[in-house]
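Encoded as structure tokens, the structure appears first; notes follow it.
Note that the chains take the letters A, B, C, D and E in the order they are written out, and that residue 1 is the start of every chain.
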Amino acid sequence: MIIDLSSLWLTIKLALIVTALLLFLATPFALWLAHTKSRLKPLLEAVIALPLVLPPTVLGFYLLIAFNPNAAFGKTWMKITGDTLAFSFEGLVIASLIYSLPFMVQPIQSSFESLGRKPYETALSLGAKPLDAFLTVIFPLSFRGFLTACVLTFAHTIGEFGVVLMVGGNIPQETKVISIAIYEHVETLEYAQAHILSGILLLMSFLILLSVYAYNKRYRINVG
Amino acid sequence: AETANIAVATNFHNTMKELQHSFESSYEHKLVVISGASGQLYAQALNGSPIDIYLSADQSRAEALEHSHIGVNGSRFTYAIGQLVLWAPKGDTIQDWQGILKNAVPDQKIAIANPKLAPYGVAAEQVLNSMEILGNRRHQIVMGQNVGQAYAMVTTGNADFGLISQSYIKDLTPNVWKIPDDYYSPIKQDAVLLKRAQSNLAAQSFFDFMKSDTALKIIEENGYQRAK
Amino acid sequence: MSLNIKKQLGDLKLDVNQELPIENVVALFGPSGCGKSSLLRLITGLDTPDSGRLEYKSASGESLIFFDSSSGVNIPVHQRRIGYMFQEDRLFPHLSVLGNLEYAHKRNQVSTEALTFDDVVDALQLSSLLNRKTVQLSGGEKQRVALARTLLTRPRLLLLDEPLSGLDYDRKREVLPFLEQLPTLFKIPIVYVTHDLDEVSRLTKQILVLSEGKRVAFGATASIISSLTSEQLGIEKQEESSLLDGVISKIDEVFMLAHILVQNREFILPTASTAKPGQSISLLIKARDVGISLSKPTDSSIRNSVECVVTEILEEESTPFAQLNLDMNGASLKSRITRASLKELKLALGQKVFALIKSASFEPRFL
Amino acid sequence: MIIDLSSLWLTIKLALIVTALLLFLATPFALWLAHTKSRLKPLLEAVIALPLVLPPTVLGFYLLIAFNPNAAFGKTWMKITGDTLAFSFEGLVIASLIYSLPFMVQPIQSSFESLGRKPYETALSLGAKPLDAFLTVIFPLSFRGFLTACVLTFAHTIGEFGVVLMVGGNIPQETKVISIAIYEHVETLEYAQAHILSGILLLMSFLILLSVYAYNKRYRINVG
Amino acid sequence: MSLNIKKQLGDLKLDVNQELPIENVVALFGPSGCGKSSLLRLITGLDTPDSGRLEYKSASGESLIFFDSSSGVNIPVHQRRIGYMFQEDRLFPHLSVLGNLEYAHKRNQVSTEALTFDDVVDALQLSSLLNRKTVQLSGGEKQRVALARTLLTRPRLLLLDEPLSGLDYDRKREVLPFLEQLPTLFKIPIVYVTHDLDEVSRLTKQILVLSEGKRVAFGATASIISSLTSEQLGIEKQEESSLLDGVISKIDEVFMLAHILVQNREFILPTASTAKPGQSISLLIKARDVGISLSKPTDSSIRNSVECVVTEILEEESTPFAQLNLDMNGASLKSRITRASLKELKLALGQKVFALIKSASFEPRFL
């Protein structure tokens, strides 16, 4: 019985990249949402949550259409990178970004909102530049929100397979993530392999999550 | 040596693995097997997925791809004909398959593949229709996305019977009954060569290999009929 | 600093147009809700005025426009380098006491002659608290940490919003002299919000009085406190005071007394060891501490009896008291006595009397 | 072209029930997690996030194994209810509860943690009983966390179909949710129908989300 | 209330064993960080003592064990019905001012004779603020809302942690009489934390002095303030005071003066309109307000000159001052004069002197 672990590394790579990218993309967005007084806010919030509502495979189907090198988005990407998006690792990343965006934005935004402006004001008044104030005060004080966001995004990207299956095309080494491998084993009745791969995935994820949470516990801020 | 990407419907995946093994041991070429639901593989192919050969679970999607701008017109052929079996792990081995289905008590479940998604589902539906189970005992039918999921429902003990592909039950145990051919229209599974494969020797060779006796033998051993 | 600021805050219209020559400490005084904290927030840049202009002129002549609605200038908070101690607790809960202090310290290392970290920690007696979490601090401890943290921003200008309100007498006595030194020793001007007249008189040379968002008065602390009524200042009647400007003529080192000439009249008052002859000082004298005698007393501990002329008599009908305004060779002095005494001594306008002031009413800190 | 809307109602019913149930189940749990000093905390937190990591169909497969009337869990359920879990609406609900648990627990826990104990203490000192204090102070002050949790759970349950398909068996009126219907259309190349159903689903979800967020905006607490 | 509580708080070991007969207002006094707030938290039940016992005995004889580590009793916070005003701002940000007040009001409608909602709103002048959001309040306004909210819990016992610290003089003057009435009018005993000796002397009949978590003294406010040194009390030297118990013998309604007999010596002091002959009162007299004369002055506004005997002379070497303890027909009175006067008047132990006290040093509120 051959256990192909390449899919495991691919998955973890994908989840890490997506989580890291989303962290950078979603944070300013969450910050803006948390403090804006714009009338567009509820609209944007609703739009962000929408990708969740479609079945992943269906979302994947639409993304596939968008990624088509003859479609507007796919064409633009082609021009810029000289590469197609669909069935490439980059395509997986983009699809996962869209799919996981709400998991990153919402918990972060929520913790920014409950933090309020006071700590930020205080940091500025102590001579911190805005980015400095963000990194040294807002971030640590909303750490739990960031943690929740990252865990949900990370775990979800690992577990996600509908979208990935659709836009990734299940190509070994390139887009065949572990979830698809397990899925394939289940679908083709290779239950033993499915159990083993699931076990490895669960154990690894468990260890990662456990260390994240254990770190968080030590770190935890006593707000009273 | 070259490499060809073969998109294969899930139900044929295990058979494909054996074909691949046999092919790669007698040719220089290599194959990459990409499995999935037929509809999904079709949509991907239309949107640029790098496959050379499409092994559908049915005829209609293969036909649609053949006549699309990426298919090679006239390349399509039936590479296998699926066979439906009734699997009743807890069934009474003395009865015949009709008796088993007829005598199923109301809270027993019959697992089939979703007819909208899988040709085996269509076939199963035809069988159940002919026995008037669909009309009266609809609630007893549970569907998986495909034959594999129907199988999983039975093997985990949640469904009592499954109408599934014979290819999933290679060794015919006493609890498996073949459904006679005349209860459902043949499950013809068609293959199509795609245009991008026309200069790919590996794809060409494998496409031909599929029609060879060696291949057909393997296909038969896995519970399919040869195309006539 | 040139303040010209308008801002609507709910029902309150804050509208202050005032030149603040911030060589030293300026008190911001006024009743609760009059807009003191709001004004400070506008100066720091945390809030933006609806319109107006805010220009900072340092003692060295440096001029910076912080805000100008007509030219659209609005310097961001962190570039203004203004230290602001908020009225409420704003310590960072994710940092220890040390962490909070270092937060300000590390970001503001501007000059070598500035306040050192240890100066501040010592002055506010924080060394034993440095490793505490902020939730483990008492109210007064929090207040001290917050004050220290603000000081460590080594600002151009320090805005302190009731910095001593949670402190006990001991701490106040220790912290006040330290704050007093800041303007002279470290060239940090201070705007100081408080409800406490003692702190005002002790720390500040100038005072801006606000009421309902408007400037009521601005000027030397002495003259404002002497000239405004307790109603205008929003303080209790019995806190009404005079502030006299004087010069030390002699120091009695044995008994630690200073002889002070105010308008050629000599006062003898307790002194701190730092006082020197020639130094000019202001005396805050509460009206209630000033008694009246028709003759100069001889065998009492009341050391100060100065000849004055009664210039005004205000009887407070519904209270037991009367207030006298006295002219002391040109300076004005208030006295608060009972109406009974007024009658008994038959005091009249233009009459010569001796104002009696007990030396012990003064603490050395007033010098 | 027939659009079967029964699956839409079934989906919304499922999403509402799961969201409501999880709200009740997850809240005390989140409360406990937020305030416990137990060493088990990181362990439990990691375990809760685990179901996310498995591809839905695979999770569904394991749930099927657990639902088997001969397995411990399935047997117990059978004894209590006299019914099997698999292929029933109840089974779908249970599967979705497990799958969506982290989406509910984590944002709520996160907002409880950043709220701290002070508002609760204050409410008690004003004479509120613990439950009263929770409803009138903790809940409104963590409202944004609850909102995030409910939106993520709701949207995710609507969009989920891998697990649902596996344990639900796609029985019309009972377990055939809209995501399966859309998926069917995509698979059978009925793209027009897929677009229409997706459109309806998106529009409905969008309106629901929009009204939720618009309400939240009006309601929003000014913490400074 | 019977307090017997031990609790380790970081480095501080809180250990208080004290019977508090809470008929009226008990002051909790002590330097910053001595454990006052921590003690209040233990009484409310927000924190749990490491060991000890806490029993509440109401004026009507009702006895409730709130906590007892030996029998495992620990009544939850909301069942203790103790009103607690936190030292820091704890208003609910999701409720308006009105919402905050009603939060307490609705949950505590215990008896018909209790404080009404309007009483409280009027006394703290909150009617114009009712619709405000809490972020739109000034520091002093927040303090008043918090106080009102606590009062509206209509508690068995009221714990106030520096309730007036953010208020200006005007507000204090208005709120203090209201707090004064609570124990008698509404039968609500109060434990009152403050750093302000004025508030202590005015509001409280009894005082518990803490230092570093331990009880230093407990007793009648008058005797504690008179007998403890400023160091023991943790207050400034010049705040040192005497408290004399006296009885009103006569009221002069025209001049609003009360004649008060203290140990057969007559004091004439300003009075509030409510004072009646026969009423007993305590006089807080700051040592610095007491002058010494060898003869009885005649033509001055200083109305009170009482014959005393010098019983103790304390020269403070490093300051300009000396402190005298005087015996006034059995009562003890402190005087604070300059060392120079001490020398000049050649004061000696056993000498007869006249203590001079200006009537205006007293406000009617002290009566």
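Note that in this section contacts are C-beta pairs under 8 Å (C-beta built on N, C-alpha and C of every residue); 3 or more make two chains touch, one makes a residue touch a chain.
All figures in this text were calculated on a predicted structure; none of them were measured in a lab.
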{"item": "Chain C and chain A - chains in contact with each", "value": "none"}
{"item": "Required steps from chain D to chain E (each step between touching chains, minimum)", "value": "1"}
{"item": "Chain whose average C-alpha position is farthest from chain C's own", "value": "B"}
{"item": "Selected pair, greater C-beta contact count between A-B and B-D", "value": "B-D"}
{"item": "Chain A and chain B, separation of their C-alpha mean positions in angstrom", "value": "35"}
{"item": "Euclidean distance of C-alpha centroids - chain B vs chain C, Å", "value": "91"}
{"item": "Rounded Å distance, chain A centre to chain E centre (Cα mean)", "value": "60"}
{"item": "Chain A, residues touching no fewer than two other chains", "value": "57, 61, 118, 141, 186-187, 223-224"}
{"item": "Chain B residues counted as touching two or more neighbouring chains", "value": "40, 43, 149, 152"}
{"item": "Complete list of chain pairs which touch one another", "value": "A-B, A-C, A-D, B-D, C-E, D-E"}
{"item": "Contact set on chain C toward chain A in their complex", "value": "44, 46, 76-78, 81-84, 86, 90, 92-94, 103-104, 107-108, 133, 135, 149-150, 153"}
{"item": "List of chain A residues in touch with chain B within their complex", "value": "57, 61, 64-65, 67-69, 84, 86-87, 165-166, 169-172, 184, 186-189, 191"}
{"item": "Chain B residues within the chain A interface of the complex", "value": "5, 10, 13-14, 32, 34-36, 40, 43-44, 47-51, 146, 148-149, 151-152, 155, 168"}
{"item": "Touch list for chain D against partner chain A, complex", "value": "41-43, 45-47, 49-50, 52-59, 61-62, 102-103, 106-107, 109-111, 113-118, 141-142, 144-145, 147-148, 151-152, 155-156, 158-162, 179-180, 182-183, 186, 194, 198, 201-202, 205-206, 209-210, 212-214, 216-217, 220, 223-224"}
{"item": "Interface residues, chain E side, partner chain C - complex", "value": "9-10, 30-33, 36-38, 87-89, 132, 136, 138-141, 144, 161-162, 165-171, 173, 195, 234-236, 238-239, 252, 255-257, 268, 270-271, 287-289, 291-295, 297, 299-303, 319-321, 335-343, 345, 356, 358-361, 363-364"}
